[in-house]
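What follows is a set of structures to go through.
Presented sequentially are two complexes of chain A, the first with chain B as partner and the second with chain C.
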Partner chain A sequence: MPETEFAVVGGGLVGMAVAYGLQRRGHQVTVFDEGDIAYRASRGNFGLVWVQGKGAGMPDYARWTRLSAALWPEFADELKRKTDVDVELTQPGGLDLCLTESELADQVARLEGLRDALDGNYPFQVLDPGRLRGMVPEAGPAVSGATYFPEDGHANPLFLLRALLGAFRAEGGRIENGGTVSAITPTRGAFRIETERPWEAAQVVLSAGLGNAKLGPMVGLNAPVKPNRGQVLICERVQPFLNYPTVQIRQIGTGSVQIGDSKEDVGFDDTTAPRVVAAIARRATRLFPLLENVRVVRAWGALRIMSPDGHPIYDRSTEHPGAHLVTCHSGVTLAAAHALVLAAWIGGGEPEIPYLETFSGKRFQLSSAA
Partner chain B sequence: MVDPVPLLIMGSGPAGLAAAQEAVRAGVGALLLDEQPTGGGQIYRALGEATGERQKTLGTDYAAGAPLLTVLSAQCLDHQPGATVWEVSPDGTVYYTRQGQARAVSAEQVILCSGAMERPMPFPGWTLPGVMTCGAAQILLKGAGVFPASGAVLAGSGPLLLLLAKQLIGARARLAAVVDTTPADNYRGALKYLPGALRTPGYLLKGLSMIRTLSASGVPWYRGASGLEAIGDDAVAGLRFKVRGRQHEVACSNLFLHQGVVPNVQLSRSLGLEHHWDGLQRCWRPILDGWGASALERIAVAGDAGGIMGARAAEAHGRLAALGALNRIGVLSETERDRRAAGARAVYRREILPRPFLDRLYRPHPDYLQPADDTIVCRCEEVTAGQIRKYVELGCLGPNQTKAFGRSGMGPCQGRVCGLTVSEIIAQARGVPLEQVGYYRIRPPIKPVTLGELATLEQPEDA
Partner chain C sequence: MASGSNFHRLPEPEYKRLTMTFDGRTIEARSGDSVAAALIAAGVTVTRTTPVSGVSRGPYCMMGVCFECLMEIDGVQNVQGCMVQVREGMSVRSMAGARTVSDARTPGDG
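Then we have the complex of A and B:
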């Protein structure tokens, strides 16, 4: 007799969103997570609920991202109701600022490609420096323009993690943390979870971030994810000057300015590199010269979880029914869709949307065999 | 691009100055960085500028630093005061800001002598304006000769509390009271360490002299106080406390708090060095060998930054660390290193003998290691002890998780102030030893640096 209906392995934003979604639909869920220090994208990310530019080469990913952004307001309200945690969601639309003409041209071309793939339904705008300054007067003279997408926004990712945990607990979910799951063994229609003590679960969801690469094959699933480092700087509070989140910089309610984000292929190294930090600072002060005298109070590096094409992997095992795998590189953006839609699919309901199978990890096996 | 230097010493307290002396003696051009405008560290702060009158107030231990300070004028030493170090990389590159300009220097050997900091003493009202640490009050006294003429209360425990009382009395300040929180059973607990301490009796004699000054001064001196509460609306107006069940209240316009010092481990932590929990001193210290060398080939730690040892031991420890480093860069043979180290090693051994006695005697009162629920522990983000306990209930196992949940440790001080308290609270709430709870993961910059400074940073690799 399994001790839990669902074992969710990994308690980051992805695992907690799915766990909460399952628990709120009446399933009985136990989350297994590691201790105080672990590789955790969920604790080191930039907090954007971002649509603009996502899904090049996979239009379904653009659709999925937009669905999540659209579900976000009701999702944030639900979390607030259940936990009293305000995740500070705002969706005023977002900007991607460019420093050269060619940067802007590339970006516009990318967004036009997406618009074509989505049959013209992709309402981005191109802002010349004049229009941009009308929206953001502090943009520096070096800025050559920007693109704007009305569905973009941001939230506080740490409050989101806390709210998900709180809501999951409030629905009766259980957390077992402090132990790494070392193995998962399919046994007679159930799964044995090897941690501090062995557990038995009827079904298992792998949401262990980078850990999925190792755990997936144990239940016949493929998640060739790799780390990609991003560094983020947090600056002291300044007068409000930026009412829109941008890809590189956002100002949060308290006035703090967050600056990111590099993309570096450095393996499992989540420290900060002064060289990269200096480059981030150079770009930021060119975009917004008023930041020159603003002090950096904190910086960190964190590892993104990247699949070979950068798109999510959602899969269920045919070899071992009851085993699922979930991973993505935009866990804040997709949190609403994960909790409200994906969890229903994992729980065995009819898929509310037709294209979830597109995200199967089998696409990587096929391409490598070809 | 700046050329690599053979030896970089960070901190010009007794440890750093002694290290610099050994480098000068070996003919090695060392770079000495300190964020303060003058050398001397905590104990000999501003000694070079202090008038005879101020020196007299501050006592003979203060004036005793003069010979060490002479190294600052040595030809081959590059002394850069006013240099704030905000990052040290494991490869020996040191990043700092001086005169508004960020710089990076590579060194073959780096000795971190960042000293100690005061252990915070959280209780209701401790964040009111007018409340500061005894160390901060002493800094004003040493640096500017400024002190409150009347109406100050000193509260807490430890040698620095008594020393400051003595120094203020000597400066003719009229103290409103000294409120000592040393628990009565600490005296009993410390007794077994007394024989060791008596082998280096200087400290005890100094302590007795401080006690005599305080007794003779007529300043109300409450001992065994507990349940402290600072009161006041916009600023501190008084201190409430209990002594043997009886409630007291003393009016004051300044409240100076102290409950011992702990190593400043921000840099050694940010380097990812392993630290172990010192149960007697109730603090973390980096793991070092007998030469202050860490597990990183190019990084050593000396003085109070490696474990609270006091000024004279810190000086000897700085010498040992420098001799070790000079040997590692090939300037001194092992034999020569050991020969030069013999004296310092003997001083070090002798000077640390009284530590266990002092550490046990002045172990903080449990009230201020485990503050009540409504007490703020993280001042920057105003997080209370109760909130930390709530996050533990939600499933947080350590300070990095409670930090992510409630922002404790995310402010400009980088968790320096709340780090120990938060770990203590989590350990007790979980019912596990503190070692299992761990500490904040400290990330550079460990001191604020502007984006403009970062943007113009000259990198050693840029050449």
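Then we have the complex of A and C:
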């Protein structure tokens, strides 16, 4: 007799959104969280609820991202009602700032490609420096322009994780902090979860971030995810000067400024590197010269969970029915869709959207078999 | 003490008397005092309000860690008062909420 209906392996933003979504639909869920030795992308990320530019080469990813952004306001309200945690969501539209004409031209070409792939329904705007300064007066003279997308926004990722944990518990969900899940063994229509002590679950959801690469094949699923490091700087609180989130910099309501859009392939090294921190700071001061005199109070590195094409993987095992896998590098943006839509699919409901199969990890098997 | 402070100074054999101002009021200090120490010795306990909830804050850890004693010193905002020694004639101001960013000076630029 299984001890839990669903074992969700991984208690980050992705795992908690799915776990909460399942629990609120009446399933009985236990989350297995690794503890503080985990890489914790959920505690290091930038906090954007971002649509702009996502989905090149996979228009369904753009559709899915936009669905989540559209669901976010009601999702934030629901979390506030259930936990009293305000996740600080605002969606005023977002900017991708460019420092050269060619950077802007590339960016515009990418968004035009997405607009074509989405049959013209992709309302981005190109801002010349004059229009940009009308919206963001503090943008520096080096800024050559920007693209604006009205559905972009941001939220506080730490409050989001706290709210998901609270809402999940309030619905009766259980969290086990028993350490690493070292193996998952299919056993006669159920799954044995090897952790501090073995558990038996009727179904399993792998949401272990980078750990999915190892755990997936144990239940017949393919998730060739790799780490990609981003470094983030936090500045002292200053008076509001930036009313829109940007890819590079955002300012939260209480004044702190968060900077960082670095991407590095450095394996499992989640430390900071002075050279990269300096480059992030230099670029930030060209975008916003007033930052030259603002102090940095913290910096950290965190590992993105990247699939070979950068898009999410959602899968369920045909070899071992009841095993599911969820991974993405946009746990904040997609949290609403994960909780409200994906969880219903995992729970066995009819898919509310027709394209979830597009995200199967099978799309990588041909190339990885070579 | 006349200052009304709960803090009392240890007897010091030698010091120089210095004066500074806090929000325009004259504060007596001694050479070697940090700005935060001179203020609490003079009975000043609130040096700012927070950007998050607007509640009052003043010097707390006195060793550069807690960042509660942020104040404006000689025109520079968000300076840790416990990490700066009093100089004669220094002008110190309390802060309300987050610092402004039009101020183009950093601590140490004088």
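Definition applied: the second predicted complex is superposed on the first by the 364 of 370 C-alpha atoms of A that agree within 3 Å, B and C clash if a C-alpha of one lies under 4 Å from a C-alpha of the other, contacts with A are read in each partner's own complex, and residues count from 1 in each chain.
Here is the rule we use: a contact is a pair of C-beta atoms (placed from the backbone, for glycine too) under 8 Å apart; a residue touches a chain by one contact, two chains touch by 3 or more.
Not measured: the values here are computed from a predicted model.
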| item | value |
| --- | --- |
| Joint occupancy of chain A by chain B and chain C, clash or fit | clash |
| Touching partner for A:Gly255 - first (chain B), second (chain C), both, neither | second |
| Partner chain(s) touched by A:Thr185 [first = chain B, second = chain C, both, neither] | neither |
| Touched partner set for A:Asn293, first chain B, second chain C, both or neither | both |
| Touched partner set for A:Thr271, first chain B, second chain C, both or neither | first |
| Chain touching more of chain A, residue-wise (chain B, chain C) | B |
| Chain B versus chain C as contact partner of A:Ser360, first or second or both or neither | neither |
| Partner chain in contact with A:Gln28 - chain B first, chain C second, else both or neither | neither |
| Touched partner set for A:Ala284, first chain B, second chain C, both or neither | first |
| Which of chain B and chain C A:Leu161 touches, first, second, both or neither | first |
| Contacts of A:Glu236 with chain B and chain C, given as first, second, both or neither | both |
| Chain A residues contacted in one complex by chain B, in the other by chain C | 236, 291-295 |
| Footprint of chain A on chain C - complex, ascending | 51-52, 78, 97-106 |
| List of chain A residues in touch with chain C within their complex | 138, 236-241, 254-255, 290-295 |
| Residues on chain A engaged by chain B in the complex (per definition of touch) | 35-37, 43, 158, 161-162, 165-166, 169, 175, 177-178, 233-236, 259, 271-272, 274-275, 277-278, 281-282, 284-285, 291-301 |
| Complex interface listing, chain B residues touching chain A | 87, 89, 93, 95, 104, 272, 391, 394-401, 404-407, 410-412, 414, 437-438, 441, 443-445, 448-452, 454-455, 457, 459, 461 |
